[in-house]
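The same chain A turns up in both complexes below, where it pairs with chain B and then with chain C.
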Partner chain A sequence: MELQDRGKMHECQEKQLAGICRKLLDEGKGDVILAYAGGEIENSTIPLFIRGCGEIERLKYDEYCYPNLAKYLLENKGKTGIVAKPCDARAIAMYIAENQLARENVYIIGMECNGMKNMDGSLAPGCCECSVHVPPLFDVLVKCNGEVVEREQYTNTGAPAGYEDDAVFNAVTGESGNAGDDNGVNEDKPLEDKSLERFKKELDKCILCFACRQACYGCYCPVCFMDRTMPAWISTDPGMGAKMVYHLGRAMHLAGRCVECGACERVCPSGVKIRYLIKEINSFCKDVYGYRAGMNPGEYPVLAAFNKDDKEIGFLRSE
Partner chain B sequence: MKCAVVPREKFKSAVGLLIDGYVAAIPVKENGVLEYKKMDGKAGEKDLAGLAAYAVDCDELPYKSPKEFLFPQVEELMVFDNDSCTAVEKDTRDKIAVVGVKPCDLNALKVLLTVFFQGKYKDDNVTGRRENIMLIGTGCAKKKPGCFCDERGINKNFSSECDIFIEKPVDENDSFRFYSFTVGGDDVLDRLVTGGFGSYSDYEPACGQREGNGCEKEELVIEAEETELFDTADWEGISERCLGCGICTYICPTCHCFDFRDALAGNKTIRYRCWDSCMYPKFTLHASGHNPRASKKERFRQRVLHKYVYVKKNFGYVACTGCGRCIRSCPAGMNIRNVVREISGIRV
Partner chain C sequence: MDNNTGCKPEKDTGWEPRIVAFLCNWCSYAGADLAGTGRLQYPPSIRIIRVPCSGRLNPLFIIKALAEGADGVMVSGCHPGDCHYLTGNMYARRRFVILKKLLETAGIHPDRVHFTWVSASEGGRFAEVVKEVTERVRKLGPSNITENTGKI
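Up next is the complex of A and B:
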């Protein structure tokens, strides 16, 4: 898809969004709507909390809508509407599956998405290799061409609700699903470098600021194990040992729970690219248990479910 | 205070002479991230002078501030066991030359030094390090997105809060100007001139004369008293977007809160000091379990009021220099400039 088409696509979607938000407020379906507004800095957007019609004028939807909105849902703001890209919708589905959120309290405005951009115009991390372009969960869907589809209508057409049906998607947009990944990691390709050296090289850059944890959809424990003091699990000395405990611990906690939004890499101030580790565990869950986080809110979380037919190869992957 | 004029063709070797005998900390771009790197290898192995000259010329701000050279993220203080306790010797072997520090960061380091030196408590660890550091400053050609140094009364083109300030040529016929502001800086300039890399000229205070950015006045300040803002400002609404990730405090050039921790190493215990962040749930958590800053509303209020009210009240400076790092890096688009404008009654 040409760049100018992309711009037009978001313009169409933005116009529809404003209408939907106005309707939501009028009908009293949402006390607050989580959406995007233009940022102070060029090529950026910021989260917007719409509580009245006046704020709708600030609404923006363009190719820089990368901030994660779904995490605010955990703050219990009452009936909430949310503008959700596929990764955000997957996070919502995960929250519902993990009993963190009641489905009836959230109205999901799904956005068909072709990937968002970083401030510098490159494809955002997560978007590079994303294969889910239609949110798996929504109440109303705003398609790339600006068409608005209600949930009932959408299922009636028989189209799969957001599963990786790239063939259907590509027929619509005329673009190949995989835009390539300049980080050298591709979800479907086997990992090239699994060495300890690579891991250490990435960890070397880490300053243990925990920003990735705060930005992550999957990290919502009231008290993170890293924040426990009695006893303390690690020292705050950013040595290799503490960094390994943190990153491996986080990866294990995210096993089968990462919705591939890329927020961890986007927020990292020192460019630590550790997502490959979590992706590896994600693809393990997909291969062994056929599970992908946030694709179906009715599905039991993979590590909370027991099935006697499960393969017993364990985490070490030794058959 | 001296000023030496260095012709373009001698610039690189002059910078080489400046950092000679020092471990150079130079902003280097790796994987798209510009960061100060300590070059402690042998000088011959890398083109240090070239890197340093590039850093002076480079018009970008490193993602982390240079505060870590004065106030490292982790610092061991003492080692003890049941019978004995020894203070950890301060590492004074390395003399570090920090190259290409922009005026916002230079002013921020001034605030840090004031906090650690002029208050009720003097911190020898931090101020002692200053003696081993040569700060080589340089100006900014243009404002980056999110920068607001002009509103904070900081001249992006010039600063005297360093040992040596290098002013870039304004046009093709112009030369570089090296200004010195400390005794150490004077010595280096002497070596530079006797070495034939430049010549002394009449000191010309560039501040304000050379296309200053109209920044002599601090516009962005909070006039109100803390008591007026503490409960009246809508802190809940202001902090609603904040994710509490704390990245703003880690990359901030003036944030200086720290914590003491003990770590076991064999049968000894190491007591060390490390950076803390007011954005964290553990910040000022009492042993009883009570936390005076229980939610992000209180934490964000602490961050803003500390920078703009408390430090100013205690030390005379506002602890924000408008470098814009927190604004550019925030994953949720928090903007301290807008918050200050809002609560000080100036509408955006």
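Up next is the complex of A and C:
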């Protein structure tokens, strides 16, 4: 898609969004709506909490709406509306699967998305290899051309509204025709370098500021293992060992849960590109266990379930 | 170490692998005990940590052991279906498969971390497993995982 078309597409979506927000507030379907507003810096956006019609004026939706808003849902009790790109919607689906959020307490305004941009105009980290353009979970969908579709209309089944409806998932998660075409992405691209040198090279840059953890939708533990002191997982010396424990530990905690929003890479002040670890695990989970994070809120996360016939890949003397 | 262990000592450097072994209390730990009472010889390269179940094992234990300089890690639990807590090793199995894949992706050699099942009656198998793990880790040499790259 040409850049000009993209701009126009977001303009259409923004117009519809304002109308939907107004309607939501009028009908009382949400006490607060999580959306985007323009940031102080050019080409940036900040989260916007819409509580009244006055705030709708500040609403903005353009190609720089890369922040993942899902994490704010956990702090909001009561009914909340949220503007959700596919990665945000997948994060919400994971929250529901992990019992962090009740489906009825969140009204999801799904946005069809063809990728967001960094401030410098390049494609944002998570978007480069994203193949999910339609949110797998929504109450109302705003398409790229500005068309607004209710969930019931989308499935065309007339079934009661609810994510239990498989038709929604097949319709949404089935290999949609435009998957990955206009971004030139290839999700199953084999990894070029899996050496310890590469891993250490990335770790060298890390300053253990934990910005990636704070930005990640999946890191919502009240006390992170890195902050524990009795006993401490790492020494206060930020050597290779400490960084390794942090990054491998976090990768393990996100194994099969990462929704590939790319927030971790975007917020990193020193440009650590460690997401390739989790990406590899994600495609592994897809191949071996047929599990993709956030595609079905009714499904247990891959590490919270088991199958009697699970393969023992790499086990010693496995029969 | 004598020749009965089935493992040749490293004559040049005197280096012997240090392997952390997490053993399930109900199967593998008893299996190790049986290997001992049966006078089966195996290399003295493992340091055993007893855990209630292989499902008790936080993947961080393994990561931490490697980061602290262990040359290898070995985890052994009950065979699937024999878990004392019914499903502990089932959850552990997925966890281990994914952890192993993760370590491989990070560039840590797959032979540094081993998972296996040993029941309480398999003293012979336990000795064999330890021999095999030790041999594989020995081939890799001392761990270079946490060596700094020279930059600070």
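Before moving on, here are some points about what is shown:
Everything below uses one rule, namely that the second predicted complex is superposed on the first by the 281 of 319 C-alpha atoms of A that agree within 3 Å, B and C clash if a C-alpha of one lies under 4 Å from a C-alpha of the other, contacts with A are read in each partner's own complex, and residues count from 1 in each chain.
The rule is simple: a residue touches a chain if its C-beta (ideal position, glycine included) is under 8 Å from a C-beta of that chain, and two chains touch if they have at least 3 such contacts.
Everything quoted here is computed from the prediction, not taken from an experiment.
When both complexes are overlaid on chain A, chain B and chain C end up sitting side by side without clashing. For chain A, the partner touching the most residues, choosing from chain B and chain C, is C. By the touch criterion defined above, A:Y300 reaches neither chain B nor chain C.
Looking at the shared chain after the overlay, A:P67 reaches chain B, while chain C stays out of its contact range. After overlaying the two complexes on the shared chain, residue contacts for A:A211 are found with chain B alone; chain C is out of touch. In the overlay built on the shared chain, the residue A:S195 is in contact with chain C alone; chain B does not reach it. In the superposition on chain A, A:A232 contacts chain B only, with no contact to chain C. Our summary of the superposed model lists a minimum C-alpha distance of 10 Å between chain B and chain C. Once the two complexes are overlaid on chain A, none of the chain A residues touched by chain B in the first is touched by chain C in the second. By the touch rule above, chain C contacts chain A in their complex via residues 59-60, 63-64, 66-69, 80-81, 87, 90-91, 93-108, 110, 114-117, 125, 128-129, 132-133, 144-149, 151. Those residues of chain A that touch chain C in the complex are listed here as 191, 194-201, 204, 225, 233, 239-242, 244-245, 248-249, 251-252, 255-256, 276-277, 280-281, 284-285, 288-289, 302-303, 305-306, 308, 310-318. Interface residues of chain B, counted against chain A in their complex, comprise 30-33, 35, 63-64, 73-74, 145-146, 240-241, 243-247, 250-251, 259, 261, 263, 272, 274, 277, 280-282, 285, 327-329, 331-333, 335, 337-338. Per the touch definition, chain A reaches chain B in the complex via residues 39-42, 44-47, 49, 67-68, 71-72, 205, 207, 209-211, 213-215, 223, 227, 229, 232, 235-238, 263, 266-267, 269-271.
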